[in-house]
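Letters A, B, C and D mark the chains in the order given here, with residues in each chain numbered from 1 onward.
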Amino acid sequence: MAINKIITAEEAVAGVKDGMTIMIGGFLGTGTPECIIDALVAKGVKDLTVIANDGGLPVGAYDAKTARGVGKLLEKGMIKHIIASHVGMNPLIGDGMIAGTLECTLVPQGTLAEKIRAANYGLGGVLTPTGVSTPMEVEKDELGRDKQVLELNGRKYLLEMPLHADYAFCRASVADTFGNFYCAKATKNFNYVMAGAADHTFIATEKLVQVGDVDPDIWDVPGVVVEGIVEGEPVWQI
Amino acid sequence: MAINKIITAEEAVAGVKDGMTIMIGGFLGTGTPECIIDALVAKGVKDLTVIANDGGLPVGAYDAKTARGVGKLLEKGMIKHIIASHVGMNPLIGDGMIAGTLECTLVPQGTLAEKIRAANYGLGGVLTPTGVSTPMEVEKDELGRDKQVLELNGRKYLLEMPLHADYAFCRASVADTFGNFYCAKATKNFNYVMAGAADHTFIATEKLVQVGDVDPDIWDVPGVVVEGIVEGEPVWQI
Amino acid sequence: MADLKERIARRCAKEFEDGAFVNLGIGLPTQVANYLPEGVTVTLHSENGFAGLAGMAEKGHEDVDIINSGGAYVTTVPWVKYFDTATSFGMARGHLDATVLGAMEVAENGDLANWIVPGAKVAGMGGAMDLVAGAKKVIVVTLHTQKGAPKILEKCTLPLTAEKCVSKIISEMGVMEVTPEGIVVTELHPDFTKEDIQAATGCKLIFSPDLKPMEEE
Amino acid sequence: MADLKERIARRCAKEFEDGAFVNLGIGLPTQVANYLPEGVTVTLHSENGFAGLAGMAEKGHEDVDIINSGGAYVTTVPWVKYFDTATSFGMARGHLDATVLGAMEVAENGDLANWIVPGAKVAGMGGAMDLVAGAKKVIVVTLHTQKGAPKILEKCTLPLTAEKCVSKIISEMGVMEVTPEGIVVTELHPDFTKEDIQAATGCKLIFSPDLKPMEEE
């Protein structure tokens, strides 16, 4: 019965190699699977391309004693290229760009979500009004490709192509042993579109239940996209 | 406080005029807001364009004593054009097409959902591999437009444009007075993408709760897209 | 005939790994679920709204909120996940390990026609076009011929459901894989000779050097 | 200065109908929520994940799962709906009645620049580009000038956030609407003359025949 997918955080990151592309859920650290990030830091891979909303938080932000989320990977210099919508809250990104050690591709937040969803859901791309007549229209995309602009029904749209990763790491508030899960309140953010948008999706969950123990309509993300589940993701302490 | 949106079924259909385009949630009747359909039949508009997964069910299907869902509108001859993915379960559609009284545009089920979602979510269209090299590629779309085929990264995709309606009628299992709602089990189908894809969205709900009475994470669809809520949608009897 | 169909369903049931996510079309494909080997758990996709189809609901114990894509009342497994149509076809295009379905015609390049006969009353493609355009593996299960006429052809004559999508064909005569070189017979049922299966097929078959007997039980 | 900003926020708060769905940007736009008229309930969009923002969380009573788009701990209204980023920006592009935000520059055709200064450290557009491309009404709230230099111009000099998106500008000097003919002043604050507001503006203003005093209270 392949319906119990419990693994350790070390097992979740075991396949991650130097130079790979990984997606990480969360918004300024809220909703990021910290126990998986910690295992990734302990493993010590480098030259990662990271797809995330932002650079997490540096030490000291909102009085935190440690960096948070993607911020931990930035602190250890594990990232070569970050694809994100907002990088102003973590000065390590600006510093790395100036020093020439870090590449950064900015993507509008809603567009970033749709590009990831397109990869997840087998679509070839989406047309969005966002970014028309802005630098987004003329700048190359995250893979160095030109953007296409289409005019339909008298309105211009950017054609945004799918964004796929080798690994996706997401955070659940509650999951069952099959990997069906949901994220409480404002921790959903990128966790829902990223789960499934990579060759391998692993989640860390605060709470675990057995399959069938709860009303299945509480789940938001289907367990069929989840390869492994790490138990014991801590509640963030402030 | 515009957070109580309870209305009657008659009020929900009051603005529907001859020749309008309406979306109706449901899959072979399961998840269709019957009390709103009944009010629409009572009102008696004609020449409707209906966007739905299918033609509902005719009298007698699965031993039913009445037609179900869109089947009630077909029975009364209220539809001029149906845009659907499957019409084989209700012979009134084939009969109408042969008689020349009913136009039918077929759209693959997954494409239909994405076209409606694009309208709902302000996108200009999506690229799907579905339908490439099939009649879908050469047939005109629901508005008589040619399809565009794009080749990206060596693969062909159809560009599918948004599908919008004047009214969307959806069925909820549980809703709050603001219109946040969810549909139990397999009644979700088209109800989630249609809610918001029209100028006016009305829902009928089996059960109603006050705002704040339940964990908000049970909701799937945001009440901000809902204009009015009809109470007392019956459970289907078999 | 029922025996031949059972043979096809039984053979198809061996195609899945433990944990696979599979859509079974209506009719013969649905029967495949009855013959899954011991130790193989498959999650079945019901495109109208969930992952985790179990079986038909018992008369008198139906849940009116749970139907399959044919509109029949069904039951679900404990790890079921219900979803809306957009998510369901996101799963179909992006995550299904296999789709099993019948065919009117299959071409040697993997083209599939199974949704429309020009001139006949139109039923609509439903979810079939999305399912075959997206799944990692499309398996056609079918009787080898229709009223004596081959269903496996050089080129489809009917409008396509999708091009170059079929990866495997399982009939009562054997198991075939669609390859860039053409259709390769990998298993032949002991009731038939190479000449029999070729005679029943509308395109030139390639016989695998590893040709095996089609496993019966 | 604080008074001028409060004046702008108070005036902007009169823009919404009961039941409106609105996104308020960080800074001055956030203050608008404090001055909503009696009887007007507005649902505030927090683009990181919900509709139904209330206010800042009290120290010691934070819910670590509820932040706003600036990362601060906040509270929510009883009719809150939490959602993921794809849904959140579906709401932004498809359903927001209004987005209120600041500006570095606004052009007379409604072009908006508010996200990047070439050469300066890059913060990223976050959700701003989606919010202005999608909302039915984009309201810019801003001090009329920046260090004495006009912010309302014939043409933006900075890279755009979106073209032709701004519908209304509210400053300490007045209320302006962006029309196909140009920027029309509809309300002028009693502290300023027509000449004052024109002198502080980088493009030719049109004064409405119905020009009213900007309401203070």
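Convention: contacts are C-beta pairs under 8 Å (C-beta built on N, C-alpha and C of every residue); 3 or more make two chains touch, one makes a residue touch a chain.
Keep in mind that what you see is a predicted model, and the values were worked out from it rather than measured.
A.B. asks: Can you check which chain pair, B-D or A-D, has more C-beta pairs in contact?
C.D. replies: Between the chain pairs B-D and A-D, A-D carries more contacts.
A.B. asks: So the centre of each chain is just the mean of its C-alpha atoms; given that, what is the distance between chain A and chain C in Å?
C.D. replies: Here the centre of chain C sits 35 Å away from the centre of chain A.
A.B. asks: Cα centroid separation between chain B and chain C, in whole Å?
C.D. replies: 29
A.B. asks: Listing for chain B: what residues touch at least two other chains?
C.D. replies: Each of 114, 117, 122-123, 128-129, 184-185, 216-217, 220 in chain B touches at least two other chains.
A.B. asks: Touching two or more other chains, which residues of chain C qualify?
C.D. replies: 76, 82-83, 86, 89-90, 92-93, 134 - these are the residues of chain C that touch more than one other chain.
A.B. asks: Applying that definition of touch, give me each pair of chains that meets it.
C.D. replies: A-B, A-C, A-D, B-C, B-D
A.B. asks: Show which residues of chain D lie in contact with chain A when the two form their complex.
C.D. replies: Residues 46-50, 62-67, 69, 71-73, 76, 82-86, 88-90, 92-93, 111, 116, 121-130, 133-134, 159-163.
A.B. asks: Which part of chain A faces chain D closely enough to touch in the complex?
C.D. replies: Against chain D, chain A makes touches at 27-30, 53-54, 57, 61-62, 84-89, 94, 97-98, 104, 106, 108-114, 117, 128-136, 173, 183-193, 220, 235-238.
A.B. asks: Which part of chain C faces chain A closely enough to touch in the complex?
C.D. replies: My answer: residues 18-19, 21, 39, 41, 43, 51, 76, 78-83, 86-87, 89-95, 134.
A.B. asks: Using the touch definition up top, name the residues of chain A that touch chain C in the complex.
C.D. replies: 1-3, 117, 119-123, 176-178, 180, 196, 211-212, 216-217, 219, 221-225
A.B. asks: Which part of chain A faces chain B closely enough to touch in the complex?
C.D. replies: Chain A reaches chain B through residues 114, 118, 122-129, 150, 152-153, 155, 157, 159, 161, 182, 184-185, 216-218, 220.
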